[in-house]
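We call the chains A, B, C, D, E and F, going by the order they appear; numbering starts again at 1 in every chain.
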Amino acid sequence: MIETHLPAIISLNFLAFSVLIPLFGIWKRELCQPLASLGAGISAVFSVYGFIYYLNEIPLRYLFGGWEPPVGIEFVYDGLSAFVIVVINVIAFIVLIHSRQLAVNEFPNKQMAYYSVAMLLMLGFNGMVLTGDLFNLFVFLEIASLSMYALIAIGDRAAPFSAFRYLIIGTAGGTLYLLGVGFLYTVTGTLNIIDMAPMLPEFAGNTAVITAVILMIVGIGTKAALFPMHGWLPDSYTYAASSSSALIAPIGTKVAAYVLIRVMLYLFGIELLDLVVPISYTVGVLACIGILYGSIMAIAQNELKRMLAYSSISQIGYIIMGISLANPFGFIGALLHILNHAVMKACLFMVAANLRHKEGHSDISLFEHSYRRKYPWTMFSFSVAAISMVGLPPLAGFFSKWYLVLGTVEADNWLFLAVILISSLLNAVYFFRVLEKVYMKNPDDEVPVQDHVGENNEVQPSMLYPTMVFAVGLILIGIFNVAIVAMIMNMIPSGF
Amino acid sequence: MREQFESPIVLLGARLLSPYIMLFGIYVIFHGHYSPGGGFQGGALLASSIILIRISGGRIISRLQIREFFTTPLAAIGVIVYFLAGFVAVLYGGYFLDYEALPFPGDLSPAELRYYGILVIEIGIGIAVMAILVMIYDHMARGEDYV
Amino acid sequence: MFDFILGHYAYWLTIILLCIGLYGIMFKKNLVKKTIGLTILQISVVLFWVSIGSKWDATVPVRDPGIPTAEVANYLNPLPHTLMLTAIVVGVATLGVAFALLVATYNRYKTLDEEEILEQIQ
Amino acid sequence: MKYAKILILAAFAGLMIYGSMGLPDRADPDNRMHQERSITDTVVAGSYFIREAYNDANTPNMVTVVLGDYRSIDTFGEQVVVFAAGLICLLILRKFRPV
Amino acid sequence: MELTYVPLFAVLVSLVAVVPILLSSHRPNLREFWTILAAVIKFGLVLMLLPSAVRGETVVLDIIEIAPNVPLQLAADPFGVFFAVIASGLWIFTSFYSIGYMRGAGEKKQTRYFASFAVCLSSTIGIAFSGNLLTFVIFYEILTLATYPLVIHKENKEAIAGGREYLAYTLTAGLMLVAAAAMTYYLTGTMDFRPGGVYGGLDISAPMMLAVFMLFLGGVGVKAGIMPIHSWLPTAMVAPTPVSALLHAVAVVKSGVFGIIRVVGYVFGSDAMADYSLNDILMVIAGITIICASLLAFRQDNLKRRLAYSTVGHLSYIVLGAALITPLGMTGGIMHIAAHATMKITLFFCAGAIYVNLHKENISDLNGIAKVMPWTMGAFVIGSMGLAGIPPLNGFVSKWYLAIGSLEGGMLVPVLILVISGLLNVGYFFPIIWRAYFKKGGPELEKYGEASPFMVVPIMVTAILSIVFGLFPDLFFHFFELASAISNAIFNGGT
Amino acid sequence: MIWEVELVLFLFLILTAIVALEAKDLLIAVVTLTIFSFTMALMFTAMGGIDVGFTEAVIGAGVTGILFIVALYQTTIKTND
């Protein structure tokens, strides 16, 4: 019973909780956060269960209303979606636990609606990952996007404005995606991904199909912050409340990248993409520019969250580059980086949130070496995540880069290889800059060390442990990455 | 929103018009099976009739109709109706939203079950859309403010 | 040639509308104007979908007992219409959120001009 | 910046016209989406709706059947979008008085 | 006795020791006890592997699969054991010496220092026992990270600048190594180290081969300090002296040259090197480095910087040995790893002792110190003479084999380079000795005596070791036997 | 569907869209946008999408217009472009 309904349970559970939270929240405001964590926790448990269940079962197709796919809508629960579902739900669960104190601190009078909308956000993301229908994808995309705009709008003074700009860009992107789906529907007459994929080779070279590809990539790329469409991201992540950015940054762009994988590799397939215009290569080059641009801009930032936002742009570039390589290694690298980057970014944004909570700012130029005494474990988490970001072994970040490098070598693509290597160095520059500030006393500082070092002033356990979980998780993912890679290898789409 | 507008003529016109719009909205919801219309359109019409009173009468009068406080639970009820229509089907062994599995009383054929299933969700949509459009209007009209 | 134009002119005119909407989004500084551009863009896409759903010599997708449903060519394709109902409602929901953000923005900066707001943020 | 925007607009228009050349004639009953079977011999959803909607749900208005039954999860999602919009207005514009 | 898990324990013992070191941060004696305990245990574990290595056996242990079909593999082959014996053996002396130095100089944050040191040694042994390229890369990067806190230990502007430069060079190198490893995996389908190489008999285009080789050279060459990319090494001299000793004699730079020999002998193999004439590139670079570094050493007034340039030169002896691709040349190069390690660590210990005792860093200030610190300066003389290649000392043995090796390969230029460099070595060490022994020191020297025994004893032991190994290269650790067995394995396609 | 009707409606749509974007007074712009929406509803009906047309008439021309007006009431009708 549960196995059959697993996709529906995982996703719709969030909806049930988003309705429950206001009902209980009116009665007792303190119940909102535990309820939200509970909802995310239930989904996380089910998704992990489903992932294990999937390992010895064929892909599950959940038929809504009992209608066979081309007529009705289905949720496709195969290896790829199960993997991404596990990543996003587990991370959302931990981030929501972390957000308790932040919510009390930053928007005490908006908690109820906040958690309700956060649940809707997760519903949208889960639906986007699971659905097997192009139009249904658009609907869930809009649920997720609307919730994302709202969560971003809670925060600093400039937050509503940056959310508004994101809304304009994001809705335009979603509309273009819808237009692309319209082109495809006109040509093929179906909306189901599994149904449509075998039809498309018949229309190879059709200009409408090519336009549809471009429109869909632009539309989803807007959500994924692919290079020319990245403009919304830095402002949004910077001005959003700490808990919002910790929730959105690791998950939002990853899901969009996942949709790109679905569209580019599963729906169209790489031969069709490159038939007339070398679309995959173009996307790869854009990703490269994004990688370099994001890294260079990150170096120039003084605000930690803004730096992390720019770094997100560059890390998304890795994932998309892995997709565009279109060989098994690139695919493994991209998927592994979805996992790794989600964990790393969650950890880093939570560190930024911890600092904001305690210090009231996250301005790098004001960091001082007393932090390592005040927040030893927060800073430990930051170091682990930063070093993993730079890509040093044996932490998780190294291995995704390793597979991407293998992918570029296999594709004989030296430009991409050089970009990966250079951007790793740039990553090192901006992360070691922070580490240096935190771990070393300022040489200009004349105050003796003893007077300067603060007491241990670590954040409370509800914030510290989630951060630590991610830091330890990065080490474990790094050591046991081959188990994950073995799973990913089962998901490699045919045609490679 | 202003507390009250001083224009009896406008208010009178709105009060005369509003019930008919509301009636039409309910008609649209229930007649959606046979003619253009359905939950959304009907819900939007219901919302229009309520908003019409709110615009012409101001806050004090509109309170007599539907209080601002009730729109949120109403919206939740709309969503829950839809959700339950799907969930009950799951409990009775079907897929989510599989109306054939719904336990309507009486001996109904699958097609009739689906007919009533659609009616139920249209009603749910109608309630939710009405409540939410009114809700959006209320929030917008009050601007950024404490409850 | 005439058939081609007759079959495609609606697309081209829709493209003009799409471009007008995109122009509004990109070039207008006023946030309300941007929203208007967004609305035009969305409705134009809806128009595109509805136009591809049309069919010569077919009636609306409501079953008329006098016209047999077994012959598919007799009725318009209901699928695009259904999808566009959804898209319109999604559009209006987006608009609601956009207005909420607009009001919040205006309360903070007392202006709706994008450049003036950006200046104030700096 | 302004020229870049003009360029984007021109590129978009060009892309759309390029794409529209490949679209089949509008309203042509021979279009894929109006056929009974697709080229891979699967059911075409639109035609299935026309043929079977009344038999399946006893409802003459096909759009309602598709909306409420065949693609009901779409409609459900759409309702959630509207619900989300309401909640979001609540979230952005309302502040609850501190306890 | 089952040896399978000994390599793992050898790697882990100092890593585990980090925990008690950190926990006992407020009790210096206990902390240093842990350090020395770990050092002794590590050395014992490595020695347990020595007999099997002398027999030519390899202890292989697959720990965990880190990439499909590529395990995290520890393989204690003769070459690895050879390097591990040197590194772990000298760590004991460095530990003792560190205690004396750190207390003498009153340094801050000694806990961090000892902890980093332990991690450093762990990764060095890991490098020595790496069974394949990916394992090598992982330990190589850990070494980079673990050394960074040591380089910036003083936390002044100079140290931070030095640390930045160190990171910039070594991280770039690590990335190049990753790229090179990936290309090797792609081209050959394996990442294992095999005596005789994995590239033999493959049909690969010359530019591709050159690209891979240059990436490898960039990757391991930075730590080996070959010439255009050596400049981090003198800059990193801002670190405390035991760190410099470790960096320049044992861990970091030796990992670099160890890597070069691994690459030349175990990845490319002599055939591939010769076929694509890659060894010429290596030889030219090594020759230029030897000469230029020796010349640059003349210009340095800071004692440690002069020693640093001397190190750059001597590392290239080893590179030269690898580049000759003759069995005897390789033997000489490998021997020089051991020889240079013992001698250079002696010299750095001396420099550190002088700094702690007299607070003098510059050569021009060293007038007459031999009277004050006779033991230290005696050891200094032994070390510098050994580096110059004076016969009874162990520097001579390796140089001799290098010369023979180049003659075996029919090349005269390397011999010439060796001779010139030997003269230059004498040239830049002699002024120091001359000042120390024959110039009259200032009156303030009166109040100083010899350095603390914690420092003098390690100095004397390493100095004596360099004499002993010069006379009996096979004593205790079978260095010569191992070295010739290794080069045999490389050139005759495995044992 | 009668293409002559559609053509006229199309021209009217383009006209109203341009006016809605270029009007100096936001109130005029919004009213023009409502006209645009209503013309669009007519267009949908002309193309056979009676349900879409109905929805667009109710939601696009009705509710959207109301929301625009309320938003302008809360903010300002002044604009520079």
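Keep in mind that, in the parts below, contacts are C-beta pairs under 8 Å (C-beta built on N, C-alpha and C of every residue); 3 or more make two chains touch, one makes a residue touch a chain.
This is a predicted model, so every value here is computed, not measured.
**Student:** Minimal path length between subunit E and subunit F through chains that touch?
**Tutor:** So the least number of steps between the two chains is 3.
**Student:** With contacts counted as defined, which of the two, B-D or A-D, has more C-beta pairs across the interface?
**Tutor:** Ranking B-D and A-D by C-beta contacts puts A-D first.
**Student:** Averaging the CA atoms per chain, pick out the one whose centre lands closest to the mean of every protein CA shown.
**Tutor:** The chain sitting closest to the overall C-alpha centre is A.
**Student:** Could you state the distance in Å from the CA-based centre of subunit C to that of subunit F?
**Tutor:** About 10 Å separates the centre of subunit C from that of subunit F.
**Student:** Starting from the mean Cα coordinates of subunit A and subunit B, work out the distance between those two points in Å.
**Tutor:** 36
**Student:** Round to the nearest whole Å and give the separation of the Cα centres of subunit B and subunit C.
**Tutor:** Using C-alpha averages as centres, the distance is 24 Å.
**Student:** Identify all positions of subunit D at which a residue touches two or more other chains, and write them in rising order.
**Tutor:** Each of 16, 20-21, 23-24, 27, 33-35, 45-46, 49, 60-61, 63-65, 67, 69, 71-75, 77-78, 80-86, 88-90, 92-97 in subunit D touches at least two other chains.
**Student:** Pull out every residue in subunit A that's touching 2 or more other chains.
**Tutor:** 15, 22, 64-65, 135, 139, 142, 146, 149-150, 153, 160, 185-186, 191
**Student:** Multi-chain contacts in subunit F: which residues touch at least two other chains?
**Tutor:** Residues 1, 50-51, 55, 59, 63, 67, 70-71, 74.
**Student:** Of all residues in subunit A, which touch subunit E in the complex?
**Tutor:** 387, 390, 392-394, 398-399, 401-403, 405-406, 408-410, 417, 421, 424-425, 428, 432, 436, 440-441, 443, 449, 479-482, 485-486, 489
**Student:** Residues of subunit E touching subunit A in their complex?
**Tutor:** The touching residues are 64-68, 108, 134, 137-138, 141-142, 144-145, 152, 155-157, 160, 163-164, 167-168, 171-172, 174-176, 178-179, 182-183, 185-186.
**Student:** Touching subunit D in the complex: which residues of subunit B?
**Tutor:** Against subunit D, the touching part of subunit B is residues 32-36, 38, 71-72, 75-76, 78-79, 82-83, 86, 96-97, 99, 110-112, 114-115, 117-118, 121-122, 124-125, 128-129, 131-132, 135-136, 139-140, 142-147.
**Student:** Provide the residue numbers of subunit F that touch subunit C in the complex, in ascending order.
**Tutor:** 1, 3, 6-7, 10, 13-14, 17-18, 20-21, 26, 29-30, 33, 36-37, 40, 43-44, 47-52, 55-56, 59-60, 63-64, 67-68, 70-72, 74-76, 78-81
**Student:** Please name which positions on subunit B make contact with subunit A in the complex.
**Tutor:** 72-73, 76, 79-80, 83, 86, 90, 94-100
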